[in-house]
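Before I ask anything, here is the structure I am working with.
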Amino acid sequence: ETATLDEVSEQLGKWPVCWIHVCGVTDEALVRSLGEMLGIHPLAQEEILNTNTRPKFEEYGRDLFVVTKSATVDREKREIMIEQVAFYATEKAVLSVQESAAHLFIPVIGRVRDAQARLRTRGTGYLLFALMDVKADNILSILDMVETDIVEVEEDLLTGDEDFTIDIIYQHKRTVLAIMRFVMPMRDNAHRLEIIDHPLVKEEDRYFFRDLADNARRAADRLEHARLLLQNMQEYYHLMEEHRNNHVMKVLTIIATLFLPLTFIAGVYGMNFDHEKSPWNMPELYMYFGYPVCLLFMATFFFCMLWWFRRMKWL
Amino acid sequence: ETATLDEVSEQLGKWPVCWIHVCGVTDEALVRSLGEMLGIHPLAQEEILNTNTRPKFEEYGRDLFVVTKSATVDREKREIMIEQVAFYATEKAVLSVQESAAHLFIPVIGRVRDAQARLRTRGTGYLLFALMDVKADNILSILDMVETDIVEVEEDLLTGDEDFTIDIIYQHKRTVLAIMRFVMPMRDNAHRLEIIDHPLVKEEDRYFFRDLADNARRAADRLEHARLLLQNMQEYYHLMEEHRNNHVMKVLTIIATLFLPLTFIAGVYGMNFDHEKSPWNMPELYMYFGYPVCLLFMATFFFCMLWWFRRMKWL
Amino acid sequence: ETATLDEVSEQLGKWPVCWIHVCGVTDEALVRSLGEMLGIHPLAQEEILNTNTRPKFEEYGRDLFVVTKSATVDREKREIMIEQVAFYATEKAVLSVQESAAHLFIPVIGRVRDAQARLRTRGTGYLLFALMDVKADNILSILDMVETDIVEVEEDLLTGDEDFTIDIIYQHKRTVLAIMRFVMPMRDNAHRLEIIDHPLVKEEDRYFFRDLADNARRAADRLEHARLLLQNMQEYYHLMEEHRNNHVMKVLTIIATLFLPLTFIAGVYGMNFDHEKSPWNMPELYMYFGYPVCLLFMATFFFCMLWWFRRMKWL
Amino acid sequence: ETATLDEVSEQLGKWPVCWIHVCGVTDEALVRSLGEMLGIHPLAQEEILNTNTRPKFEEYGRDLFVVTKSATVDREKREIMIEQVAFYATEKAVLSVQESAAHLFIPVIGRVRDAQARLRTRGTGYLLFALMDVKADNILSILDMVETDIVEVEEDLLTGDEDFTIDIIYQHKRTVLAIMRFVMPMRDNAHRLEIIDHPLVKEEDRYFFRDLADNARRAADRLEHARLLLQNMQEYYHLMEEHRNNHVMKVLTIIATLFLPLTFIAGVYGMNFDHEKSPWNMPELYMYFGYPVCLLFMATFFFCMLWWFRRMKWL
Amino acid sequence: ETATLDEVSEQLGKWPVCWIHVCGVTDEALVRSLGEMLGIHPLAQEEILNTNTRPKFEEYGRDLFVVTKSATVDREKREIMIEQVAFYATEKAVLSVQESAAHLFIPVIGRVRDAQARLRTRGTGYLLFALMDVKADNILSILDMVETDIVEVEEDLLTGDEDFTIDIIYQHKRTVLAIMRFVMPMRDNAHRLEIIDHPLVKEEDRYFFRDLADNARRAADRLEHARLLLQNMQEYYHLMEEHRNNHVMKVLTIIATLFLPLTFIAGVYGMNFDHEKSPWNMPELYMYFGYPVCLLFMATFFFCMLWWFRRMKWL
């Protein structure tokens, strides 16, 4: 259910805690009006509207301003879509502005509807926590997806699956880098929110914010681990390729080494020096056991080389 | 509109906030005279004139001295031109000295002309912010360019574009390194300007300086991300090249393995051992089905090897 | 010997120090009831039940909450199984919850049974230390195993063992990464436990907690060393492979260089130009010493090239 | 002009600021006597004499002790010669001890000779600054040289100059590492000198020491940049080599692929199966258009393969 | 001269400073008795006996406990033997326990024997310094050895010595890693000993402890430098190998490219198509200048290809 600006303004004074949620930041005028109504600093308004803002956490006097990112992963195309979610908490209201219209906050909406809910009575600090907690869950579930994918990739790599290409590792590394880029500042922000001394963050909610910061730290941790695994896999792939390459190389060497000399010998006895002009010209061709001896020599040469290759451990 | 030194000196006392802008540092005497007039420390004068100075932020008593860099990218040649912009803020005036004569501060000039502008009334701290903000915008727009280029390079790389060479990655890495070199100290300086306790940085302007520092942090962030992407792309290119190389290697192996033995067999039957001298000399040549059997044997050998290569997964 | 909830509740008041140990976290209701009984914060209960929790150390008012990991290595499959062990210490009781039913704490059980044991009289802080010390021993013994394995791998690598594959290094790196992932936060937690100012950590037990932190630091140290050794081994393997590859390459070059020209010469004298039509057609074939001179020329060519290769240091 | 120990002792009391300069530390007795005269701590004397001392900055009560390094680069041999310069400043005198007899401090000598010079009146702190400033200039001029060389090397690398070898990059990396080794601690020392609260460092000289520290930071910065550039160049060289290698590889593959099958066909028709014994033996040789058809087949085969290679983008 | 436990106990009260040195930790009972006598905490006793303890520095009330490592390098086998040396300093005595029976502290013994020695009068802090200083000298002399070896290895590498193998770099890296492992914590401990506020570390001995810490820092510095040099050498070796490999590759290409086509031509004219059956069958063989023209064609082909290779800069 959507509301007009006037309705919002009217409701604002009535309740101890108000939550105003804006889906899509396309309507700049709306955000500016809400900003005016809630007394949001122009710089914060600017950053709500600019969807390129880095995740940040800032105090504006007695208000708190948090910019976070939410991600959805398209597993088919191995692409990650990031959208911005900004929160601005005053003493009596929390404004949340979301880039797209995706239904991110459904679990909170459910809890808000319940008249006895803790959300209705514990002040805007707790509401801010509840909203950010949904965001953290979103990130952890994306990490689950990413990690599952990486485990699959690793299995393909280790079993030597033929469809495996280095592209897959590259794209996963890219995804992990992209997620890291907004999770790392979010972790720092969550930590600052955990330790901040601010009227909106009440002492009895402290444990919840600590939990939030802990989730963010765990996410950063898992991302770093995923990055290291991918790096490890890439090095392994590189060394495996090299190893395979060397093996093929050896086979080539052996075949060339075996047949090039033999072909040369056959070539010699294919020469047309005229025996009639001189007894020195290719007398072997006219001997009684010339051909069998020649074949025997070739075979001996062949097996000697095989034995030598085996001794050199090339075979 | 340019002014003589006397005019500047005359204007200096009249207004609460003065902005003196010098384009090009070629005229050492002029800078020294202005320095004298505004009471700039000789070391700061030296650094204004030396266009090699590292980005820095320093307090000289009640004055602030900031050295920053501005960049322009020539996208054709993939070259980056960096010029120095130094700011010296006293209580009543801001001196800005720019290395070249490029029109960097046009947006500020426009705002200054407006008689009601905030710039005219808020003191030199706010003017300093306004000038540095233009500089930050310049850097962010250069980052936009660089990132766009990197995305294009990545597309060329992933689609296997034939014109793609490793030179392109190298030059982008070079550009990113060159930008990093002055953005990193600028970020640190902006941070110090954000938290400094100084009469020129008034409490009501604090949010603006925080915004400035935030922009610098975001720029550093994006540069680091760009650097990691390029590193990633280079590793991918390396592995792709290796992979392609290995494939070519395999084809060579297979062709050599297929034809060297066959050529040897043909060579054997091209030998000229004289059958008339002995029945042992190449009796195969005089058999009724000698030639067809020989061809059949060659074909069998050929296909057996093909089958073996397929089993070894080399084909 | 197991106990019902009521028995636990009854015993709780009687003794100065109580230890409640839960094997397996499958029974959520049980953990929740115990949590209720001991006054454990709902967030801590959640984390005890969620076996994915990152190793952490937290104060809940006058209580301490520690989450650690215990590991067992299956050396055959080179797999590492990690299970979670959570501790919650109140003033009068310590609750330990273990993911599996493995007999981790047998040494502590033995000491508890002894009526004169220090464990019975020194408060829950010392009991917490005793339990965590067992955990630290578990990790150090796993490190012993890992390091022994790495030394063996290194020996195989340096002696050029034929069974050695890059897979082994890869899997060890993976194991070390996995252990690092929980040891690193455990080290930080142990350090915080060492320096914390908390009623449960008494001054006379301080040296024991310092020892615990020291063990954790040593474990982290050894892991980092193991990681560096494996990295070093991988680089060595890479360079050795390359070196071997180059050697094989050289042999190929030499054989090709030796026999391709000779084969060409033999091919030339295998041509069938008709001497009868013209004295210019292959007169060499009809010379008196044609064949011996040809062979001599081939041999000279062969040995000249051998000498050249030796001078180029390719042989 | 040199002086005897007695003369030095005599002059020491007369003037507010004394500068004693020792060239070459070969005369241990002399340094010890001067040390005695100025009250230098035995440990500092030791370090002055030991030319292996790491750059350091230490307070000995009311005295300051600084060990720095000075470098000269032999561009022909690409070698760097490092010599130690130690300063010991008491309230009334500065002792500088230089490892070699090179004329490092000529600019300071000139300024000291001038009777009105600031150096004569501002105390030993300023004299210490003046001497260290000369040293900093020496390091910056060496960096200029190194950077110029690196730019030249890069040009050679990018234009594919034939004389370019990887040795050059290696030796530059070595030089940069060697310079880094003493510049990094010198930067830290300069920073400590900047912020120290010490009677010899007067408030009015503070800006000069800040400038000194800034120069050291800039030097460290440029070295790090040079190191990254060299690393970048090395990676580029590596990838270029690989690329060239792959190209040569492809040409080999193509030539082998083109001629090995053709040679095999020619070999087949060089076999001597006797047509008279059987019509099945090489009937092709006796057909009317045998030879032209054979040549045509070879040419067709040749061009088909060429077309295939072009389609595979190997050509 | 060794002493019984009773003698030690008797001497302990008599002198202001006592030094008890235990060679070899095999006799656990002895260490325990001495520990009892000097009031050493059980945890410290444990760590003295456990020769695996990480280098550490700890305060036990008014006592100091230091665990360090001493190393000897077997240059033939390129192995490093590490032994533990623990110090426990009380107000009146220093206990030093060494793992082996090597004569480490001979210089200190000499100085102790001298009745006027500073060691006898300055308290246990100074004695502790004197003992640790011997240990630091041991480490610096080992670094000298390692660095000399590395310089030799580098010379072998740069002059292209044939005996040079990658094994040597690997083993040096291993040695450096092993030394780093105990030098790094020793540096941190020396730093803490430098800045500690403790009754055993008297103000007048402060400079000596600073010197000790400085030596440790220099050792860490030199190790890091050695590590970087070895890394640099390894990369250089890798690139040199690659370069050499590419050169050999080129020679192979050129030889194959030169002779495979020529061999094919010779093969063609070795075919036995019957000229008598048809004038189209190999008419070249029956031409008057057939053979010389054929040879000329081959030679022209050969030199054209040579010229092409030179133009491609492959030769």
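We call the chains A, B, C, D and E, going by the order they appear; numbering starts again at 1 in every chain.
Note that a residue touches a chain if its C-beta (ideal position, glycine included) is under 8 Å from a C-beta of that chain, and two chains touch if they have at least 3 such contacts.
This one's a predicted model, so the numbers in the text were calculated from it and none came from an experiment.
Two copies of one chain, subunit D and subunit E, form a contact in which under half of the residue numbers belong to both partners. Separating the centre of subunit C from that of subunit E, both taken as means of CA atoms, is a distance of 23 Å.
In whole angstrom, the spacing between the mean C-alpha positions of subunit A and subunit E is 37. Across the assembly, subunit E contributes residues 242, 245, 249, 252, 256, 260, 263, 267, 270-272, 282 that each touch 2 or more other chains.
If touching chains are joined by edges, the resulting network of the protein chains shown is one closed cycle, each chain touching exactly two neighbours. Here the chains make one closed ring, and walking it from subunit B through subunit D gives B, D, E, C, A. On subunit C, the positions that touch subunit A within their shared complex are 41, 43, 53-54, 56, 58, 60, 162, 165-167, 170, 173-174, 177, 181, 185, 234, 237-238, 241-242, 244-245, 248-249, 251-252, 255-256, 259-260, 262-263, 266-267, 269-272, 275, 282, 284-292, 294-295. Of all residues in subunit D, only 158, 207-208, 210-211, 214, 217-218, 221, 225, 228-229, 232, 235-236, 239-240, 242-243, 245-246, 249-250, 252-253, 256-257, 260-261, 263-264, 267-268, 270-274, 277-278, 280-282, 313-314 touch subunit B in the complex they form.
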